[in-house]
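Per-chain residue numbering starts at 1, and chain names A, B and C are given in the order in which the chains are listed.
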Amino acid sequence: MNIADLFATHRRSLSVGFFILLIAFVLTFPLYGGIYRTDVLFTMLTYAILAVSWAMFSGTTGYMSLAPAAFFGTGIYVTALLQDYLPFPVIMVAAGVISFALAVVLGLVTLRLKGIYFTIFSFGLVVFMGNAINYVEADVLGRHGWYFNVVNQTVLFYTIVGLTVATVLAAYFIGRSRLGLAMRSIGGNEEAAEHVGIDTTRIKILTFAISAIFMGVAGVIVAPPLSYSNAGIAFSPVYSFIAVVAAVFGGMGHLAGPVIGAFVYGFLEEMLRVEFLIYFQLGFGIIIVLVILFLPSGIVGLVPMLRDKLGEVIAKLRKGGEGEQHANT
Amino acid sequence: MRSYGKGAKGSNMRILEGQGVTKYFGGLAAVSNVDFHIDQGEIVGLIGPNGAGKTTLFNLISGTFPLSSGEIRFKGQKLSGLKPHQICRTGIARTFQETKVFSNMSVLQNVMVGAFFGSLTHVSGAAAAREASQALEFVELSAMSTDPINDLTLVNQKRVEVARALTTRPELLLLDELMAGLTPTEVSEAMELVRKIRNNGITVVMVEHVMKAIMGISSRVMVLHHGEKIAEGTCNEISRNRTVIDIYLGEETHAGS
Amino acid sequence: MAEAERFLGLTLIGIFGGGIYGLMAVGLSLQIGVCRVLNVSHGEFVMLAAVLTFVFRQLGINPLLAPVFIGPLLFGLGFLLQITLFRGLKARAPSPAAFEGNALLAAFGLMYIMGNAARIEWGTVSLPSHYLTNSVPLLGVNIQLNVIVGFAIAAVLGIAVYLFLTRSRLGKAIRATAEDPATAGLMGVNTNIIMALCFGLGALLAGVAGTLISMRTDVNTGIGFNNTVIALVIVTLGGLGSVLGSYVAGIIIGIVSMMVAFFWESVLIVPAYYAILMILLLARPSGIFGKK
């Protein structure tokens, strides 16, 4: 049995093994990683949540959403507004519920439009919320941003690990469910899906709203370490871009794809920070274009490619060995 | 063999009826004041030159777009205002002129989608897989169940579309150019399939340009031209109808070829 | 009395400025409508032209002349991008929806590339690019010449594009390709070249708009994003595929932005666009003039 076959038959256990290793690594990291590096990991996990939840909806239905930043920012703002009145866990739930509701409203309005208009709209929501809230804050409330109460960083770290695991599990179970099949049908051919009994509008809105929950809760966890935030910071479109870029880069054919993409992106972003930010962004732009063009299934797509290549190489080596044997007899 | 249709054989109930069916796109009437009826157990052919409004009529029946005016009733129930997925669940299924399969799935999965979502009753995963397998057997594509749908020829993809439509447990099946691009042998096989479908209790309406098929299996034929119904009758009557012949003169008809 | 004057003045500026926005939007409308690319890097082309106009001015070239050089440059860039990048994507995409998604992402990448490359080259400072700032009395109000000239040029170009698209053979081929590329191909239209032409033309129009914008306000390498947003809103409002729609929507947006700044705050301009956009899309999903 050659390596390619080995990979194929044990694919399921390899995936689970990967995730278990990853979780073990992440959970124990604060013990030996140090504060700075744990913060980097924190950011990487945040990006992973955004990417996985983005892929949950956009990866399957094909409707490209640029709204993650809207829900993420909502989470940050819910924290800012409620931090003095409610305990942290309750705020997380509140942010999830509010994000869900917001997504339902947005979905009702826009998911009956063509794909392109949905994308434009979702993008617009982010810009709209940032600007509108900025105005209300500055001109109506006379505020200039919010300061966050301190929350124990270790608690936050393990909370975000928990949320990441929850997001991945949700994506997994939804993927295997009837809802997941309906979503993939919509992605495969929406008109056919509609005519085979799938209420496409309801399914799209539901999935979109579910993915929004995770983005909103992530915003809550991210808020305290920020110390300070205003509308411009909270609703920065960059978060939408990161979600998309990480998921596509990592590959949407597999659950691990967006996670890997987010980790790589977060890692590079940190490494090339500060002075090199512009170069990093330039470089990432180039990488994105190249990946989209030549690696359409993302990094995860490399795995089957490499596996096949490895299989080929091994087969050739074997043949060469046999040839020598024959030559010697 | 599992029976897909629920209709009682031999009854002459009007399963589908339309009155004054009209659809405007901009200023142009794609379908204009068409009255029609389909009786249970029939195979009705719907023919006409390109652009006559045949697919538009199908679209109106299946709920893809709303009517501009007129009424369509299925088993006495008005269809206006219903969305396509609701119409599917009441018992009307269709295939599409440009084959619409779920490009991201295998053949079996494509058909299972219909089983899962197409009927009013909840279906378990195992039951859906069973129904899908049976449907694929019915259209004689069992061998390709696990293949990715994109690997199939267009002809076979059309069969998968039919299997998928069948798993939604329709009483009425609308076939849009099932025979387009088929060789004569394939046309005969497709004709057999349509007969098999009807014999299982499903009423069929076929849009076709392949005259051999229409004349071979239809009990009745309707002719559309410029959105209007210009003739209706048995195959014999239609093949002798002066107006119909005139319309098709100069049009390439696939009479047996 | 002064208030009424100011109101009229703002309305006029809104109309004139809006015309320039309309020009910018027509370019994007072509790229989306014909090439099916949601080009979020469109604003970067505007930015590039605006910055280059300033750079050329330092070399002694009059801003009104700058489009003569910048236009073909951007046209060529757009043409190349379509014929290499986007056509390559289309060839590899398993479905039109997948292509549109990938094209959008590639446009993102382009946005990052162009924006940051510009920042590396020219920094982030504001460039004093305004030109023709002497005011001219119009209907009793003083309006800066750059806005009037800008509108005139934008209007002339708009009419030219409209006539081109509706009267010329090439224009018919373009409209056929936008409608149904497969059928157009069967009728003998070289859709690859047509799409490349349209993408290039879109970039060119963005470029001219960039020059005109640079005349009325100081520019910097960061203005791309905002202009992309504005162009997207106008295209959606005015309807894909309609030149007139883009201009009308552009003017509406121009007036709205002036009114909002006048009655409330400048920060509310963008929310106002979206409010209008959302209301309109609820009522008429295809925009003011769009075809379904």
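What we mean here is this: a contact is a pair of C-beta atoms (placed from the backbone, for glycine too) under 8 Å apart; a residue touches a chain by one contact, two chains touch by 3 or more.
Quick caveat: nothing in here was measured; it's all calculated off a predicted structure.
Engineer: Comparing chain centres built from Cα atoms against the global Cα centre, which chain wins on proximity?
Structural biologist: A
Engineer: Name the chain whose C-alpha centroid is farthest from the C-alpha centroid of subunit A.
Structural biologist: Computed centres place B farthest from subunit A.
Engineer: Where the centres are mean C-alpha positions, what is the separation of subunit A from subunit B, in Å?
Structural biologist: Taking the average C-alpha coordinate of subunit A and of subunit B, the gap between them is 42 Å.
Engineer: How big is the gap, in whole Å, between where the Cα atoms of subunit A centre and where those of subunit C centre?
Structural biologist: 32
Engineer: Send over the residues of subunit B in touch with two or more other chains.
Structural biologist: Each of 103-104 in subunit B touches at least two other chains.
Engineer: Which residues belonging to subunit A are in contact with no fewer than two other chains?
Structural biologist: In subunit A, the residues touching two or more other chains are 187.
Engineer: Out of subunit C, which residues touch more than one other chain, so two or more?
Structural biologist: Touching at least two other chains: none.
Engineer: Could you pull out which subunit B residues touch subunit A in their complex?
Structural biologist: It is residues 62, 64, 83-85, 88-89, 93-94, 96, 100-105, 109, 112-114, 116-119, 164-165, 168 of subunit B that touch subunit A.
Engineer: In their shared complex, at which residues does subunit C touch subunit B?
Structural biologist: Touch residues, subunit C against subunit B: 94-95.
Engineer: Which stretch or stretches of subunit A touch subunit C in the complex?
Structural biologist: 58, 62, 64, 109-110, 112-117, 119-121, 123-125, 127-128, 131-132, 134-135, 138-139, 187, 237, 241, 244-245, 248, 278-279, 281-282, 284-289, 292-293, 296
Engineer: Using the touch rule from the top, collect the residues of subunit B that touch subunit C in their complex.
Structural biologist: The touching residues are 103-104, 150.
Engineer: Taking the complex as given, what residues does subunit A use to touch subunit B?
Structural biologist: Contacts found on subunit A: 178, 181-182, 184-185, 187-189, 191-200.
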